[in-house]
Each structure stands twice: as structure tokens, then as C-alpha cells.
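Both complexes below contain chain A, partnered by chain B and then by chain C.
Moving on to the complex of A and B:
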């Protein structure tokens, strides 16, 4: 079926983009991997789960209600594994409409086509490896948020929370409120870094008050909050039982049955990389981001990016960037008119929300000193079991870019397709070569974008029906 | 102590068979969350003792929680609990 506009990803940016486009007359489809739209921050609970609503739930419900009323077609629980059209046509051929190949919630493959495509693919978590991060009981900070908020589940009974950014305190406070013990909070940022972030946060007194309340609750509960601290090892036999933390030169061992750890958020750019859009390396935005104009247009015609996937700015900034992308797409497609006033209003909203978001993104940016501290025996690529030592060997053997590192070591070639290790591997390769991290580039975008069963690509067939030519005599 | 946070209304629990034992879980929970609540952090041995199968990202990105539900390969973090499921290692 042909749409004017397809939106990939149903977080705050994608919901707002689809709502804006559909309510202004564009035939719009939104594709989302989760069973319900919302994204990670505004994720809806499973059907039949009822919790006391908080601010995130109310904001998410408002976006979901507007989307449902907009007339946009919503396809949830579907896995988009293929993208085509745009520049992905033979040289000299016209840019075809975009095509999205997906596996439906029912397991049945389907395809949609659209004249324009807005990518709202969000982020995934950055993890700077340490020995034992692959041990069961160690999960991401964003993963802990999903467990706590969407599933109403504690990650453990005695939990260490470690890493960078505001998620650290959100997770620790929620673990405490849920009735478990927080054995320690290990923040890689120093107190000085948080103090320097305060002026930018003053634009969002609500966030500031929330952060102060989280911290006060931790201190009241006697939770050790360590600044300038990092996890040096997670240990245990079959599952996690203790965490080694290094804080200002002192190492301590903390007993725990769960470790929630994350070092920031990385924009999910596999789709813009697949379309060969131009990218810029902006550590303060989370790493590689598509190059965008003021209408969220990428360098590829009729292809747009919005939300954290276009540069980490937080959920509060995401809806405005989604609406701006939708308005640009409508203008480019010649659908409706009089979008300018709405665009100006949303641009102002985006600028306001961006200031606090950018300060938080800086706290979560890649830290070169953490990369330098990764031990040689630590596993970097979890899918393929590639260590730092193997990456350094590849660099010594001549691997100069992330793509060449793949050829040398299979780093990033497992089922996660480099989403978990790509950034750390690039930083370690750059470190080994003694060059800036941007110089080693990023892995070329490849399909399938998500693992997909072969039969979804091949379709149903009976082996006996395949015509097999008779063997020719030699 | 139950890892499920009190004060949240959930559908009545059902029974699934996971790694050879019966566990109770609420329909709609992810299989990964239900296994963690049942004390089953290890989802399989994988290819390397240093990298056993387990939940890590909980959002369908890392692919580490791969296992079989009723024989089909799925990500435990994206698969909701349904009564009677049989969960086995990948």
C-alpha cells in the first residue's frame, strides 16, 4: 500500500511526527517494534497492568491519544528489517518511493511504500566494557528502566547502579522505592561536572527538582553515592555476586545480585547509514549523527530524522523535532499549506527543550579516559567474543577503519550488528592507532536491519516445486 | 522477596514451563522479566563460557536473550508471557 509518509519508530518523536502529518492530511503509517507505541521513556505497561500514573505516563498517554485521533495507520509489534527506494536504486534510475519490509506481529511478512520517510529510531545504550560485563545479572541502565517502569519489576534485591548521566539516579531511586536495597551508586561524573551542568538545567526547574529529590532519597536511605567512580569488574560464578568499584584511587568490593550499568546513549543511525546519508561525528550529540538542516532533512531527498536518533536531546525535546520533520516533509511533498506558523512555534519549543537535553547529553558523552582504562582481556564485541587485545592486534596488522576491523576480527558482525560494541570498538581502534575517533569511521549500514527468519525473506514454497534443470553431460 | 513491585495491578498469574520447571508469571510480562523474577538469570550456555545467554538491553537490540518459546527462536525481552508456553535454550 502506498502512503505519503512512513514514520519508523513510535517513540515521542515518531508519535508526534505521525500525528502532525496525518492531522494535516497526509496518508501516514507509523511502524513500531514494541506492542504499543511510546518508546523507552514513555513506554506503556502491558495490557491489564495498572500502576499509579506518573508524569512520564501522562505525557506518553497524551501523545498516544493524539496519535490515535489523528487518523495515522499504526502498525505495532512489527520488525522492519529492510529499507529500499530513495538512493538505493541503480545509478541513473529515478528515486523510487521508499519501501519498508517488515515482519508483522503475527509473523507474516509485509511491505509498505511511502513517498517520504521519517526515521525516529531512538538510541541504544553505550557500554564501555569491563571484565565480567557479560555475566548474567549485569544489565544496562536503560534496560533497568524498562524492567522497573514497563514491567514493574526490580532487577535484584541488592543492586549496584553505575555509569553516567541522569538515568543513574532515576534507576537508583526507583530500585529503592520498589523495596530493594541499593548497594552503591557509582557515578563516573565528578561533582564538579554536575555543578557545571546546573545553569543549563535551570531552564527545566521540574527536572532539577526531580533530580534533587532522587538524590535526597538515596542519601536518606544511607546509599553510598560515589563520584568519579567506575566499575572495574563484575564477578560471580554462574551469576553476578560482587562488583569491584574504583573511586578516586580506592577500590572497594560490593556484594550485589544485580548491576545496572550504562555509559550514555548512542543515536541509532543504522537506517541513515544504510541510505548512505551524510553523517557528522558529534560526541556531544552521542556520536555519529545524520547531517540535518533546520527542517530535520537528511542529505537524502525525502528522508528525515528526528528525536534522539538524530542527536541525543531527551524525550522532552523529541516531539517538537518530530513535528518539524513532518512539516518539512509535507512542504516537500506539496501537501497542505500554511505550515510556517506551526513550524516556528515548534522550532521555539525545540530550542527551549534542547538546552537542558544538551547538558545531559554532554554528561553521557563518550569518555576517552574510560576507553583507555579498558583491560586488554576484556570482551568488547559480545556476539563474536572479540577482546581489546584482538582489536589492538588488528590495528597492528593494518586495520585502519571500523569496516576493516570487521574483516580482521568479525567485531560487530554478530546478531547485534555492532549496536552494542560499535562505539567502544571504534574508540579502542582509534586509541590503538593514535588518531581521533572520527577517523576510524562507522560500520556501513547493511540489511537486514534486524535479525529475521530466512522464510520471511524467501516466502513460502514447496521444495518439490522448484524447477531443477537436468544435469548437463560433461 | 518477590522482585515484582507491589502496588501494581496485574492480570492473574499463569504457569509456563521454563528450562524444565514450572514457573508462575503474569500474561503480558516479557519472558525475560518473568525468568529474572523466577531467579533464572542464565538463559542458556551460548557458544562460550565467558558469554552465556542472558538478558542485557531489554529492548530488542543486543540479541543476547535469544531462546526458544514453543520451539520458535525469539528474543525473550520482546516476547510476552502467554499461559502454557514452553521455554527452552536456543
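Moving on to the complex of A and C:
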């Protein structure tokens, strides 16, 4: 089925983009992996769950309601595994409509085509490796958020929350509210960093108040909140039983059955890499991001990126960037007119939201000193069991780029395809070579975007109908 | 600048690496230059199939020798290894058309020296329990195997350095003047002889010397599964050659067969074609049904060079003394190290173990190479 516009990813950016485009007359389809649109911050509870509405839920419901009323076609619960068309054509051929190959919620494969594509693919969680980070009981901060928010599930009974950024306090407060103990909060940021971020956060008094409330609850519950602290090891026989935390020169051991740890968010660029869009390395935006103009246009015609996947700015900034992308796409496709006033209004909204969002993104940016502290025996690529020592050996053996590192070590060649380890591996390779991290590049983007069950995409076929090309000469 | 090298090899794929290695072992001072990293194009991303049943008949004597070289690589390349593994190979036919194709191709390959016997489906399943029912005929070759092609650059590097080869990676050559001054991005490099070993870029390289050598570019797609329990123990293909399957020691199954993606010399491998991805994995699932349970995690592309007659270009460049070429070997990875060795023998003034593939046959009459 041919659409004017496809939006990949139904978080706040994607919902707003699809809503804007559809309500302005574009035939629009939104594809989302979760059963309901919302993304991670504004996620909806699963069907049958009753959860107390909070501010995020209300904001998410408003975006969901607008989307439902917009006329955009919704394909939720689907896994998009293949992307094609656009610039991916033989030399000299005209660009094609974009194609998205997906598995539907019903397990049936389908394909959609669209003249323009807005990528709102969000982020991956960054975890800078430490010994024991692969133990059962250790989960990401964002993963903990999903458990707590979407499912009302606690990650453990006695939880250490560690890492960087505002999620730290959100998760700790929710763990407490859920009835579990928070054994410690270990914030890699110092108090000074938070103080320096305050002026930017003043643009969002609501967030400041919420942050203060979270912190007050933790203090009231007697939770030790450690600043300038990092986890040096997660330990236990088969599962996590204790966490070693280093704070201002003092190491302490904290008993815990869960560790929620995250060191920021990394924009998900699988799709823009696959389309060979130009990327820039911008640590303050989360790492590699597609190069964008003021209309959220990538370097590939009719391909746009918005939300945190285009550079981490937070959920509050995402809808405006999604709408700006939609308006640019409508203008480029020649659909409707008079978009300029709306664009200016959204650009102003984006600028406002970006101030606080950028301050938080800086707090969550990759910290070179944490990369430097990764022990040599620590596993970096968990799929393939590649340690820092193996990465350094590969560098000594001549691996200069991330693509070459894969060949030397299989780092990033497992099921996650480097989503989990790629950034840390790149930083460690760059460190070993003594070059800036941008110089080691990123892995080539290829489909499938996610591991795809072969049985599901095969469909029904007859052997005779497989379009086998002519064999090579004998 | 330093004294001229005895030989400059341009292109650090399997052909260039093995040529450079054996030239250096033969006493020459060799520089090996690549615009990118060692073995990061076709030599590092191909399916690593060390099979006779997809090899062109004329190349089988070469492939048999190279098969042995791959298996013993640590011995002749300073411990470098591509984890070459010997196993039986099966080429199967599900239809009458494939039976006819298999019978003809097995006969021709057997005549060329590949010990292929034809067996029925039941016998094939005894060799490969993972094989589907419905096989009408299979070609069984006990000499087969596979390598982890992505290890090729790492495997060659130490051997090259130990042999004294000067390795210049990430150093694009822009052109060649006189005999022979290479214009590189790292400055001029002088050499008494040159070997062009540039894979699909041989056409551009030949043009530096005023030689017109048309090279067709194939854009081969590959797909790999996640790690699986042991499902198969052979290199498995279909008679058409459009499927190659093998399971590595780590459990991943590599699905190839030369299905075409999008790309070209200038842009490299641009994109996998979803419809060819699907066709390739359907063929795989039909042949090894247990693969249906697998998840696919990655696809990629490699560029393969082909001359007008799909036979190699290995030998002197006519009309230009001390200029040599090597490449466009069908299933070139399989035969690669042996091809490099025989070209090195020729450059060193020795008689090659087997004949070269002179390119006179491929040059246009209008060529200004005279």
C-alpha cells in the first residue's frame, strides 16, 4: 500500500509527526513495535492493567488521542525488519518510494511504501561495562523504567540504582513507591554538575519540582544518595548479590538483588545508517546522529529524523521536532500549504524544550573517564564475550575501525548487532589507538533492523516459485 | 624518499596479500598498498566457502591446491588462521531440471579433478542429517570446507610483516606514472614492478596504464543467523549454485549463493534487496528445514569481479613490461592463496605450478596498451 508518508516509531516524536501530517492531508502510516503508541516515557499500560495516571501518562494520552483523531493509519505491535527504496537504487536510477518490510502483530508479514519517511526510532541505553554487568539481576535504567511504568513491576526487593541523568532519580523514586527498598543511589554526576545544570532546568520548573520531590522522598526513606559515584563491580555467584560502588575515593559494598544501571542514551541510527545518510559525531547529542537541517531533513531526500533518535533532547522536545519533520515533508511533497506559521510556532517550542533537554543530554553524555576505567578483563560485547583486552589486542593487530574490530574479535556481530556494545567498543578502540572516537567510525547499517524469526518472514511458498536467478557458468 | 621497491602490489585482498607474501618470501622487497584496510572488501566479507561444487571446472585444479593451503595456513603464514574447516560438500537437486544440471556439472567437474560422486537423497541425508526430504540426487564431494572469511586480514597481517612486506593501508593510489611511480595520498612510491590486485576495481587500475579491461561487478548478498544448536555438518548447496549453507563452530549458519543486491564499484555494496534476501532464505529453509526456527541477525554485501568470459585475469599485462595483474577469479576466495603463489612464481621468473590466465584474450583491439 502506498502512503505519502511513513513514520517509523510511535514515541512522542512519531505520534506528533504522524498526527501533524495526517491532519494536514497526507496519507500517513505510523509503524510501532509496541502494542500501543507512546514510546518509553509516555508508554501506555498493557491492556487490562490499571495504573494510576501521572503526568507522563496524561501527556501520552493527549498525544495518543490526537493521533487517533488524525486519520493516520496505525500499525502497532509490528516489527519492521527491512528497509529499502529511497536512495538505495542502482547507479543512475531515480530514487524510489521507501519500502518497509514488517511482521504484523498477527505474525503476518506485510510491506508498506511511502514517498517520504520520518524516522523516530528513539535511543538505546548506554551501559559502560564493568565486571559483572552481564549477571542476572543487572538491568538497564531505561529497562527498569519500562518495567515500572508499563507493567508496574519491581526489578527486585533491594535495589541499587546507578548511572547518570534524571532517570536515576525517577527509577529510584518509583522503586520506593512500589514498596521495595533502594539500597543506594550512585550518581556519576557530581553535585557541582547538577548545580551547573540548574539554570537550564529553570526553563522547566515542573521538572525541577518533580526532581526535588523524588530526591526528598529518597532522603526521607534514608536512602544513601552518592554523588560522583560509579559501580566498579556487580558480584554474585549465579545472580547478583552485591554491588561495589566507588564514591570519592571510598569503595563500599552494598547488598542488593537488583542493580538498575544506565549511563545515558544513544540515538538509534540503524535506519539512517542503512540509508547511508550523512552522520556527525556529537557527544552532547548522544554520539553519532544524522546530519539534519532546520526541517529535520537528513542528507537523503525525503528522509527525516526526529525525537531522541536525531539527538537526545528528551520527551518534552520530541513532539515539536516530529511536527517540524512532518511539516518539512509536507512542503517537500507539495501537500497542502500555509505550513510556515505552524513551523515557526513549533520551532519556538522546540527551542524552549531543548534548553532543559540539552542540559540533561550533557549530563548523560559518554564520560571518557568511565571508558578509561573499564578493566581489561571486563566483557564489552556480551553477545560474543569480547573483553576490553581483546579489543586492545585487535587495535595492536591493526584494527583501525569499528568495522575492522568486528572482523578481529566478532565484537558487535551477535544478536544485538552492536546496539549494546558498539559505542563502548568504539570508545575503547579509539582509546587504544589514541585517536578521537569519531575516527573509528560506526558499523555499516544493514537489515534486518532487529533479529527476525526466519519462519515468520518466509510465508507460504512453493519451491518452484522461488525466483532463482540464472546459474553461474560451469 | 627510499630506494624503489622490487614490487608494489596494489590491493590488499586475498590475491594481493598472497602474491605479496610469496614475492617477499622469494626475496623481493615488496610494498602492499590498499586504499582501505587489509582484506576488508570481498576477501573479508565473502561466504568463505572452500567448495569444489561451485567452482568453475577450469579452476578446480587450482581450487584443490588452494583448499589444502587454507587448511594449513598457520604453517605457511606465521600462525595466521581463517579457521578453515574440512567437511564433506553436497550439491542437491530437488527438481528434474536440477537433476539434469547436477549430472552435467558433476561430470564436468569430476573430469577436472573434483572427486564428486552422485548419490540419492537417502544417502545424502546419511551424510547430512539436516537435509530436507525430497532430494532427487546429490553431488557428494569429500573435499569441501569453509573458512571464516572475516578473519582473513588478521590471518595475513603477521605473515606479511614477518616476510618483510611494507603494508600501507588506508593509502589510496591515484595513478601510476612511468615505470613505476605510484601517486598515492601518502606521497609517491617507486617500484620496479607492479601487480594490480584490485578486485572489482581492476578496471580502474588497468586504466592507469592505458589498458581497457572491462570488469563486471557482482553484488553478492549474504545472510547470517544467530548461534544455533548443531543443525548441519556439511557445506550444502543446490545444483544451480544459488545456495550455499554452512554452520560454523560458533553455531551461526551462513546463507549465501550469490543473490544480487544493489551496489557498484563507485559506491560499494549499497543495499540488500529485500526480495532477494527473502528468496535466498526461502531456498535455505527448503533445503535445511530446521533453519526455520532460526532468527536472522545480519545481511551484508560483497563485490565480486568477473571478466567477459568469467575466467581469471592472472598474468603479465601485455605491452607493459614488469606490470602484472591478478583477479576476477570466480569463487576467488576458494582459490585465492594458490593464485597468489603462482603469480608470484611468474613474477620471480620461476615456472608457475599451474598455468596463469593471460589477459590478452580480454583486451579490446582498440586498446591503447600496445
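Just so it is clear, the second predicted complex is superposed on the first by the 456 of 474 C-alpha atoms of A that agree within 3 Å, B and C clash if a C-alpha of one lies under 4 Å from a C-alpha of the other, contacts with A are read in each partner's own complex, and residues count from 1 in each chain.
The criterion applied here is as follows: a residue touches a chain if its C-beta (ideal position, glycine included) is under 8 Å from a C-beta of that chain, and two chains touch if they have at least 3 such contacts.
Source: prediction; values computed, not measured.
Engineer: Between chain B (first) and chain C (second), which does A:414 come into contact with in this model arrangement: first, second, both, or neither?
Structural biologist: Touch partners of A:414: chain B and chain C.
Engineer: Name the contact category of A:139: first (chain B only), second (chain C only), both, or neither.
Structural biologist: In the superposed model, A:139 contacts chain B only, not chain C.
Engineer: Looking at the overlay, does A:471 come into contact with chain B only (first), chain C only (second), both, or neither?
Structural biologist: second
Engineer: Once chain A of both complexes is superposed, is A:463 in touch with chain B (first), chain C (second), both, or neither?
Structural biologist: In the superposed model, A:463 contacts chain C only, not chain B.
Engineer: Please indicate which partner A:157 is in contact with in the superposed arrangement: first for chain B, second for chain C, both, or neither.
Structural biologist: Touch partner of A:157: chain B, not chain C.
Engineer: On the A-aligned overlay, A:322 touches which partner chain: chain B = first, chain C = second, or both, or neither?
Structural biologist: neither
Engineer: Looking at A:267 after the superposition, I want to know if it touches chain B, chain C, both of them or none. Which is it: first, second, both, neither?
Structural biologist: neither
Engineer: For A:166, using the defined touch cut-off, is the partner it touches chain B, chain C, both, or neither? Pick first, second, both or neither.
Structural biologist: neither
Engineer: Quick check on the superposed pair: does A:422 touch chain B, chain C, both, or neither? Answer first, second, both or neither.
Structural biologist: Neither: A:422 stays clear of chain B and chain C.
Engineer: Do chain B and chain C touch any of the same residues on chain A, and if so, which?
Structural biologist: Residues 414-415, 451, 453, which sit in both footprints.
Engineer: Using the touch definition from the top, list the residues of chain B that touch chain A in their complex.
Structural biologist: Answer in residue numbers: 1, 3-11, 26-30, 33, 36-37, 41-43, 47-48, 50-52, 54-64, 66, 73, 77-78, 80.
Engineer: Show which residues of chain C lie in contact with chain A when the two form their complex.
Structural biologist: 37-40, 44, 54, 56-57, 94-95, 101, 104-105, 108-109, 150-151, 153-154, 157-158, 169-170, 225-227, 240-242, 250, 258-260, 262, 264, 266-267, 270-275, 277-279, 281-283, 285-286, 291-301, 310, 330
Engineer: Under the definition above, what is the set of chain A residues touching chain C in their complex?
Structural biologist: 82, 84, 88-91, 99, 101, 111, 274, 276, 394, 397-401, 403-404, 406-408, 410, 413-415, 417, 444, 446-448, 451-455, 457-458, 461, 463-464, 466-469, 471-474
Engineer: Which of the residues in chain A come into contact with chain B in the complex?
Structural biologist: 33-35, 40, 45-52, 124-125, 134-140, 142-144, 146-148, 151-157, 178-180, 238-240, 379, 382-383, 385, 414-416, 419-420, 450-451, 453
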